[in-house]
Structures are given as structure tokens and as C-alpha cells.
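A short worksheet on the structure shown next.
Every chain is named by a letter (A, B, C and D) in the order it is written, and numbering of its residues begins at 1.
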Amino acid sequence: MTKKTAVGLVGVTGYTGMELARLLAGHPFLDLVRATSRQDAGKTLAEIYPFLNGSSLGRLDITRPETRDLASACELVFLAVPHKTAMVLADELLDAGLRVVDLSADFRLTDPKVYQAWYGVEHTCPQRIPEAVYGLPELYREQVKAARLVANPGCYPTSAILGLYPALAEGLVHTEDIVVDSKSGTTGAGRKAVLATAFCEVQDSFRAYALGRHRHTPEIEQECSKIAGREVVLSFNTHLLPINRGILSTIYTRLKVRADSEDIRAAYERRYANEPWVRVLPQGALPETRWVRGTMYCDIGLAADPRTQRLVIVTAIDNLCRGASGQALANANDMLGLPEDAGLGMAPLMP
Amino acid sequence: MTKKTAVGLVGVTGYTGMELARLLAGHPFLDLVRATSRQDAGKTLAEIYPFLNGSSLGRLDITRPETRDLASACELVFLAVPHKTAMVLADELLDAGLRVVDLSADFRLTDPKVYQAWYGVEHTCPQRIPEAVYGLPELYREQVKAARLVANPGCYPTSAILGLYPALAEGLVHTEDIVVDSKSGTTGAGRKAVLATAFCEVQDSFRAYALGRHRHTPEIEQECSKIAGREVVLSFNTHLLPINRGILSTIYTRLKVRADSEDIRAAYERRYANEPWVRVLPQGALPETRWVRGTMYCDIGLAADPRTQRLVIVTAIDNLCRGASGQALANANDMLGLPEDAGLGMAPLMP
Amino acid sequence: MTKKTAVGLVGVTGYTGMELARLLAGHPFLDLVRATSRQDAGKTLAEIYPFLNGSSLGRLDITRPETRDLASACELVFLAVPHKTAMVLADELLDAGLRVVDLSADFRLTDPKVYQAWYGVEHTCPQRIPEAVYGLPELYREQVKAARLVANPGCYPTSAILGLYPALAEGLVHTEDIVVDSKSGTTGAGRKAVLATAFCEVQDSFRAYALGRHRHTPEIEQECSKIAGREVVLSFNTHLLPINRGILSTIYTRLKVRADSEDIRAAYERRYANEPWVRVLPQGALPETRWVRGTMYCDIGLAADPRTQRLVIVTAIDNLCRGASGQALANANDMLGLPEDAGLGMAPLMP
Amino acid sequence: MTKKTAVGLVGVTGYTGMELARLLAGHPFLDLVRATSRQDAGKTLAEIYPFLNGSSLGRLDITRPETRDLASACELVFLAVPHKTAMVLADELLDAGLRVVDLSADFRLTDPKVYQAWYGVEHTCPQRIPEAVYGLPELYREQVKAARLVANPGCYPTSAILGLYPALAEGLVHTEDIVVDSKSGTTGAGRKAVLATAFCEVQDSFRAYALGRHRHTPEIEQECSKIAGREVVLSFNTHLLPINRGILSTIYTRLKVRADSEDIRAAYERRYANEPWVRVLPQGALPETRWVRGTMYCDIGLAADPRTQRLVIVTAIDNLCRGASGQALANANDMLGLPEDAGLGMAPLMP
């Protein structure tokens, strides 16, 4: 048996940290040797996550995050900590020679002024931005393989960009009339003691939030602009679903081509022909979040409407797996020369 | 104590029938004397709805729908049967001198050709269409009071039209760039033994359906066109929520006025100033389906976005109460000269 | 129109306070004139409960709890505050001449030593215990009518005691072999920012808690002992359901009579013959929490098992309405000489 | 790469068939070459299960169940068909030389008269009963390895027997006073178009069913009697949870030893010391269904109550994986000489 590569996870107590632990528990080539948390240091992983009882991972001691300790033990570190904290840690770990996959927003935006405008804090590590690669495999796989720092995409942006990519790249839709209506499961709000996401405040209800003001907006616009080759400003709007996992985005575009054109589906199938994790659904089929639960799949449904000359694109991903930890793991696999899908090749849990 | 007015309910076994039974159980002026169902005739209401045990309504015998019997016993009849069946019954009951509130789609569209195009069947009772009043109290209250036949609005149209009314009536938004993204609780799919709405096929999941093709589209367009004074063609799209009750519609419009204009909120507050069931939420607040559960309220939130010069309107209603049976009851109250809110004055059930 | 009686509510921000607000919003004879909360004083009720927007109750200002102010404004006060706090307030309010319905546990147990043993704190107001009436209408209605202080029963005890009452009163079952297996909706855990009851920690899951150690145990035993005329020690065990409202208790007893005896059902029907809120379900039917949602009903199903000579009693109540605020309101009605069901006569919200 | 063993699945359209498909999609040594369904023959697996799109399994054509065809193509067949149908097929497939794992109840009961009494039909294949091995690995692993026919345990019995095994085997509890109170997720009711398990009939509600009359009763009693060495008659009672997967059983026993005895936990830890899939939780911890979601784990919590001298045992399993298809796969692995956990070594999906 080949020796496994040692990796670390900074910030194990949130849902993205929990999901990385789940995925790493069964990874054939990676060995989680450090899991850190300021609040839970001293406990074992199984003490905070009883579902890991009985696995070797469950016996891992949680430590406090120390750069020197991480550097001595790991080759690569996942950062599952809040933005602003992440950039400081990433800088230190890169200086210490490690590779870093940052799940926060700190290195996703190429313009630190845009970062400051939307996140309300100054970017204190702008010199690292140029070397960060935006870790969406379908768009940047080759750059990821050579990267030392990967900015792991946000959950909503993953669902929006993958949905818009073929339409924008092939110039099928107008760039100035795009609306993204996204709905996310409640894990997207993080693992916190907050009344607004208490069970009885969410169950059997549905609500919108942050309309037009969500921080993922500039990330979607940045990547869509790159794809389209011109500046894209769009309307991005979010809702909270009473489900655990999943994002479904309904994306409204105005067609340049005829609605019954065969170009539309052909473009999607061609652009994703070799992408194992993007499934363009058959004509008439529309995605459901349960069909991608726990996996890296992004399902895409297409509905062209001749009455309004619109193309409605629907995408579904698992916000924790494809939208965060699974994608982070795929990026780590690519950075380390492993098969991209190592530890990720599972069928969805249905129902 | 005044004598109550006798009413009948044709089609008691669906969710709209069930909801009418719930509301009529506590109505101060109406007495449900007939409840019909072909499949459950011979049972009492409590046998099929154990939650009515202990109420006098629970002891009512379910009968088969017979026009003569209904005519002899009732002054007004609610039709909670499928479209196509409803038009036949309505015609007979009107001939027999009764008043009718039809919860189906049969008399909502003024043009029978549009009906045929979207419902796929011929309208066999077009001569009754002109006398039917579209029963949305905020728009047609006075006509309802004089009506013998009320076409009760669809659930989605109620949420869309109430959201768009002030914006269109005051010319605040362009009429050719409207997208309605609606999400409905599963009672909207009816009370049927169908795998697609089985618990384990809906729970912890979310999906889109009938994009651009939902039958409520022409109803929304017809009423919006009347309000705007010009033909409105819009994109209407629907999703299924893993909740029992509630519709939340996120409506995307493009502003003619400036996004920070005070005209927007003022128009909404003015248009609904005397409407007890429409609540224009304070600046910054957005609706949640739980806040209207079990009631006639339509909550409206407004988010103007200067970046995209759009107005996003969010509405929430209870699809069974406001979107069907409660509204039918309000219409019946109006038709019978009773207080419009008789039997309807309750606070939402929270949580 | 008769003048309404002024009442106050101390502790409006929890789920029981929210439920009392819902019920009082439609009460024909009571007027909520004070609603207090230390944390939300200065806001209106509608600001913290948007579902009350548009009602006169929504405009009520939340105040800080001041005995003098309450005494000057109210005739009766509901205490929806934590145990230990409640006993202090109750004492002051009674001294000031008010009537008090205490929703906490402070005056439910007749023996202060038992209180101290289970609640871990000393009872500082034992002199008030003798005058407190345990507010279960079916058992103590007449005493409630004369009471100045009512100890409102706990949610679990209501479901257990009503289920066991006929069996114990008629000596149908052995008193030393009773197991109560209760399952509660998550509102029972209170309205708090706590990770253990966050949506994603409860949704699509189920768990047991506090087996054999729940604080409602002595309350159940005290009342069952009174009914049976001998000391009853039983096993009481609780579980958390991923639903908002409802308690279903499955109660295991060993029969003294034959399992097929007609005495069993007859005893239940006789004991509850004149009780409008207790529904002994027909043979073969078993309760469901949705059939009592939002109401005062306690549904009871009986299953006698000849193989094991056991009687399994199943009860369902709404933990917030029957198990707390609705029952408190019924007690207030009785104390004030109003019809017991004033403001409470509604059909369940189904589904 | 070694050649995989060809297996077949008769009855792919139910939840147990779906779960077997999920598990076999990632199995390293087994190749699903036949999946049958009378109603869906002619479609591909991905057509009925869109979550299998993109996997090779998704392209498998569904066929009609033909013994000759199955015999020519497979070495082992899983039967996921209703009882009564299963016994006929099993007999034919065994005659044709195949190994069979039967997920139905047809070969679980050793006495055909007991089968007839509880299932209401005659057993037409009693001669096969003696060779069938009850496939609970912790009790019968060695016999399974040599078996040609395995009777896969029921979901409820798995949760009850594993919970009671150490207590009964070590004589810690009385055998005549056992109550099993089980709660199951709705997948346990099967994948059918039935109103009783429609979303809006289950969501936000909870109910009991089949108290004292569930068909799994004799299966639990048979195995408990074998373990205890004397006839065990117990009270078994079931409830329906508004969750997809999971069974939690709360088992009430009366202790022979002292409640604070160290023997209790020691017995459980000793009996399951080498069992990777049974996790005896630390003192004070109680199982939750989410901690075992999608896995073979059976979590066990123990609560001894000195007040009542009872031992309350709580077990949690995934009813589809441990309670049906995963256990069937473990049995197939054992029968084929493969590692028992092949294809089953995953961490739970949390949340």
C-alpha cells in the first residue's frame, strides 16, 4: 500500500469542516492528520461528531491551529474558517511551503477593491491574489494542477457559473438581462446557534433574503464576465429552503438565437462532453436537489420558452459537497497529482 | 341568534375542500348543509377528516352531488372539483337559481380560445363567461357583491397579481420584461395518491416544474394586461417546496423610475391603504410563508436594486386559504352581503 | 359591546408567549394590554412577530415587567417565564390583588422537596403552593374557577395524565408497571439560539433525550397517584420530533381486566363524556399530531393486546396550545367567569 | 483488476431496490448485470433513477424477471420483491444453482404456521425453510458464509434484536416484561402511490400504527427466544416518522441486576467488541438516526433507571441500509467469500 499524503483541516467544527471529515474518512490517498478548532481543541473528532465513532478518523485529537505544527505535519491544508481569518493563515502556510485550499472568499475576487466593497473589510494580503487559482475544475483544471493556492468557489457561484457557462461562452444569450434566482438548503447558513436558523423558524416555511445584496454577486459576475468576454452585471437573489443540503438555481436569460434552436442543447452537451460531474439532463427533465445529494454532480436542465424568447437554465448541486468541501477535495487531488475524483466517486444518497 | 345561510360544497375530499370545511366549521353566519363526494358518499365528514371529530360539522353526512338536492338545500355552492367538471355543474346550479363560487379555472379566462389553448379541452359553457366575476377582492370587490358566479382566482395568480398590481397600475415598471419565479407548498399539487408527491420523493428536496408552461400563465397575463392597459406577456415559472402550505413568488421587473425613488413604496402603500389582507412590509423586511399560514394575508416585500435598475417584488400567501378556499369564502361573504372577513379573522399559526 | 377584561403577559418572546399572543389576538372578551420582555422592551409586538402586522395587537408596545404597572393595568396576568423567576413574580402579583396563571413549573408540585430534588433549586415561595390549583380542566375545573393562582400543567404531563386518567380511576391497570414513551415537536425545547435545536441538527433525524430523568416525571406521578389513590412510580421517557408542534405519548400499561373487555373503552367514553376537548377515537383509530394542531383537543386511541395482556394508550395534543398557552387561556376563562372555550373554538389547521 | 462477480436484483423499483443500486454502483467486487421490474422493463436504470445518470450502472437495461436469464447471467440474486412472490422465485433460482439473498419475510420464520398466522397466507415452500440462514451478521456470520439462501432480517427486528442481544444473552433482564417502542422513517412504508404516505399527510405530523399487531413481532420474538433460551413474548409497537431514513427503537426492560451495576455496559461492550458496525455509545450519549444515515451502523445507548429498576435500550439504524439493502449486501459478501464490508465502508451523510 502506498503511503498516504498528510493533510490538515483548519476549522473542523462548521458544516464544511464536517463534510471534509466525512469525505476524508474514506479517501484512499489522503490522510487527515490535523483537524483544528479553537473551541474544541482537546477533544477527539468523534466527541464532536458521534457519526465518526468507530472510524480511525474519530480518534484524531482536535488541536489548536498553529502554523508551525501544521507545516511540520502536512503537505496541504484546507482552510474552512471565516473570510478575513483565512487570508492571514493562508499567507503563513504558503510561506511555510504548504499548499492551501481556501474555502473562504478571501482569494476569489481578483480586485481587492471589489472585495472591500462587498465584504466591508480591507484585503490585507493582496499580493497573494495573483497566484490564487479559482478552483472550478471545469474551467480551471489545468491551472489548479500547478497551483499552490486555490480559492475554492462559493456554493451559489458554482451553481450559477456552471449553468451560464455554455450559454455565455457560445454567445447564445444577451449578457445584460440575466437574473439568477437561487434557493439554498440551511447548511448554507453555517453551523451556529442562531435563532433565525433554529428548527422551528425554518421548518415548514420559506423565505427570501439579501435580494440583490448577496456577497456572492461579484464572484458570479467576475467569472461570467471572463467567460463572456465583456462585463456582465446581473441580478442575483437568494432564498432559504427547509432542507439540509442542496442549491437549486433558476437562471433567467434572454436568447439571441431562436428558442427552438438545436444550438442550445448542443452547446451544453459539447461544453460538458468530458466532464463527469456535470450532467445535462435529457430534454424535458429538470433537476432536483435530492439527485445530487452528497455528491459532486451539477445537474443542468434547460427550458427554452418561445413565448418570451427566454432560456431558463436550472442547476442543482449539493452546497456542502460540490459547493464547498467536495470541490475543495477535488482541487486538492488535482494539486497533488491524484485522480481528481479520488474519495469522491459515490452515488447520491436517495432519498 | 340570526338564522345562518345554508351553503353547499361540491368536492369535499381535496385539500381545498378540506380547507373550506375547516373555515366553515367556525363561520358565524354560514351553515354547511351539503358536502359531496362521489367516492366518500355515505360517510360522515369526521370519518374522512378525523380532525373534525367532536364538531357538529363532523357529523354531516357526505352525499353524492345532485343538482336538485343542492338547489333545494342551499343558497350558494362552492365548487371544489376539477376544471371541465366545474363548468357543467356551475351551469346547472345557476339555472336552478343558486349562487356559485367556482374554485376551478373554468370561468377565469375571458377568452374561451385561450382556455382551450392552455387547458387542452374545449370550453362547453362559453355563454356563462361574461357574467363570471374574477374574485380577487382587492380588484373586483364591488362586482363580486353583485355576482351570481364568481371565478375564484388560482393560487399562483393571486400571489403574482397582488404583487404586480401597484407597479403596473402606476406605470413604475416596464411591461415587457417581467419574470415570476414562484415556489409552492405541496398541497398545491392536490390530495392524490401519486408517487411524485409521496413523502420520501419531496422531503429534504426541491425541484422546478412546468417552466414556462404552467396553466396559470394566461390568467396572470390577462389580469396584468387589464391593470397595465396593454398586453403583458411574462415568464412564469414554478417550483415545489417541501412544505405543506404557502406560495412565495419572487417577481423580477425592470424599473422605469429610479430605484431609490420614494414613489415605489408609496405606490404600494397607497394602493393597499384600505386593504386589511395585504400587508406591505416595512423597508428591509421580506415575507415568509409561515407569517401568513392559515390566513388571508398577502405579505409583500420590495427590494429595489440600483445596480441593475430592477424592482424585485416578493409576495407570500397561504395557497390553500388565500389562494383558494379562504378567498372563496370571502367572495361568498361578499355575494351574500355579509362582512367580507366573516369566519376569516384569525392570526397565523406560528410556527 | 361589553367591555373586555384587561390581561397581561409576562414573557412574550418564547413560543408559549407567541402562542398566547396568537390566541388573544382573536379573543372576544379579553384584551391584552401588557406584553413584557426585558430584551425586546420598546419594540411593538409586530416588530418581533411580523405575523401580527395589521392586527391591533401588533401595535402593542412591549414593556419591561413591572409589578406596579401590571397591577394598575391588568386583572389577570399570564406568566410565561422560566421557573424560579415565575414564583417571585407570582407572589408579587398576587399580593397586588391580581389573578395569575403561571405557565412555569413553580406551583405544580405540592411538595417543595420534590421540586428541589428535580429542579435543582430551592423553592422560595412554598407558602403559595397550597392555594395553587393544578389547571387541568378535566380534573380540576371547579377549583380553577375559584382560584387566584393556577399552576398550568406541563405539556408532557397533560398528554400523559389525560391518557391514564380513566384507566387509573377505574382500576383497569396495574399501577406499578407503567411506561410513558413521549415524543415532542421542537417548539417544546423553547425559542432559543441553541445549536442542538438548529434546523440542520433536527431535520430528517430523530433522537431520545433525558430518559428516566425528565423534570415532568414527578408532576405526572403526583397526579396519577392522586387519581389511583396510591403512589404511582412510572418510567417516563422523551424524544425530539422533527416537527413544529405536537406531542404524541404512547403509554404502556398492564391490564387487570381482560384485554377484550368492553370495560376499557366504556370507561374512557364515560369519563370524558362531557369533555368537549377530549376525543376518544373510534375502535381501530389512532391519534396523529396533525389532527389536533393549533387546538385544545386531546385525542386518545386505545389498543388492547391479548397476547401480552397490555393496554397501549396513545394520546396526541398540541404542545403549545393544549400543552401550554391554550390551556392557560382556558384556565383564565374559568377564573374570570367566561365560557371556558372563549377564543379557543377552532378546527385544527390541516395539513 | 480481478473479474467482478455478476449479481442480479429482482425488484429494482422499490426503495430497497433503489438502495441496492446505490450501493452496488460503487462496489469493488460485484457487478450488477441484471435489474428486473415488470412495470419498468425496457427502460434504463437512469430513466427511473436520474441520480444514476452518468454512472455505468445508469445505462443498465431493466428486464423482466426470468429465472433462466438470471441463472445464465448471475451467481447470486437479491430478491427485493413482496413476500409470497419471493418464495416462488427463490425456489426456482436455488434449483438453478444460484445463491439467493431474500429481502422479504418468506424465510425468516422457522415455523410455517407462525408465518401463516401473521402474514395471512400459506407458506408454499416450507421445505426450503431449514436451509435458510437468518442474515444478521453479529449472530449468524459463520452460517451465512456457508449458506445458499439467506433470509435477510426485517428492519425493525434488526434494531430490536441488536439492542436486546447482550441483555438477554447475559440474563440481565426479565424476559416477560419487554416493550419495544419503534419509530421508522417513511421509506419503511415502501415506494408506492398511496395517500397515507403522501407528503402533506406525513410532513409536520407523527402517528402510531399497528400497535401490537405488526408482522415483525414473531421475527423479533423468535430470535430473542433463541438468545434467551426460553420463550419470549413481547409488546412491539410502531410509529411513522416524518423523515426519510432511520429507525429508532426505545426498548423497555426490567433489570435483574442492580441498575448501577457495571455489568450492564460491560456486557454490551464485550458482546460487540469485535463488531465494527455496532457502536455502544459512551455513558450518557443516546443515538440519533442522522448519525447512522446511509450506513450499516447500529448505535446503541443505555439508560439504567434506579427509580424504576428498568434498563432502557435505545438503538438507531438506517432502515434502508442496515435494515435492508446494506445488510443484504453484507450477507452477499459473506456468501461469496468477499470482505464483509466491501462496498459498505462509508461515513454517514451528515446532516
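We take it that a residue touches a chain if its C-beta (ideal position, glycine included) is under 8 Å from a C-beta of that chain, and two chains touch if they have at least 3 such contacts.
Small disclaimer: the values here were computed from a predicted structure and weren't measured.
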Among the remaining chains, which ones contact both chain B and chain D?
A, C
Would you identify the chain whose Cα-based centre sits farthest away from the centre of chain A?
C
Mean-CA-position distance for chain C and chain B (Å):
36
Using mean CA coordinates as chain centres, what's the chain A-chain B distance in Å?
39
Chain A and chain C: spacing of chain centres that average the CA atoms, whole Å
46
For chain C, give me the residues that contact two or more of the other chains.
15, 187, 200-201, 203-204, 242-245, 288, 290, 293, 351
The answer for chain D against chain C in the complex is residues 177, 179, 181, 183, 200-201, 203-209, 211-212, 233-235, 237, 239, 241-246, 248, 250, 252, 286-290, 293, 301, 303, 305, 307-308, 310, 312, 314, 351
Interfacial residue positions of chain D with respect to chain A in the complex
15, 18, 21-22, 25-26, 49-55, 57, 187, 203-204, 244-245, 276-277, 279, 281, 285, 288, 290-294, 297, 299, 345-351
List of chain C residues in touch with chain A within their complex:
15, 185-187, 191-195, 197-204, 242-244
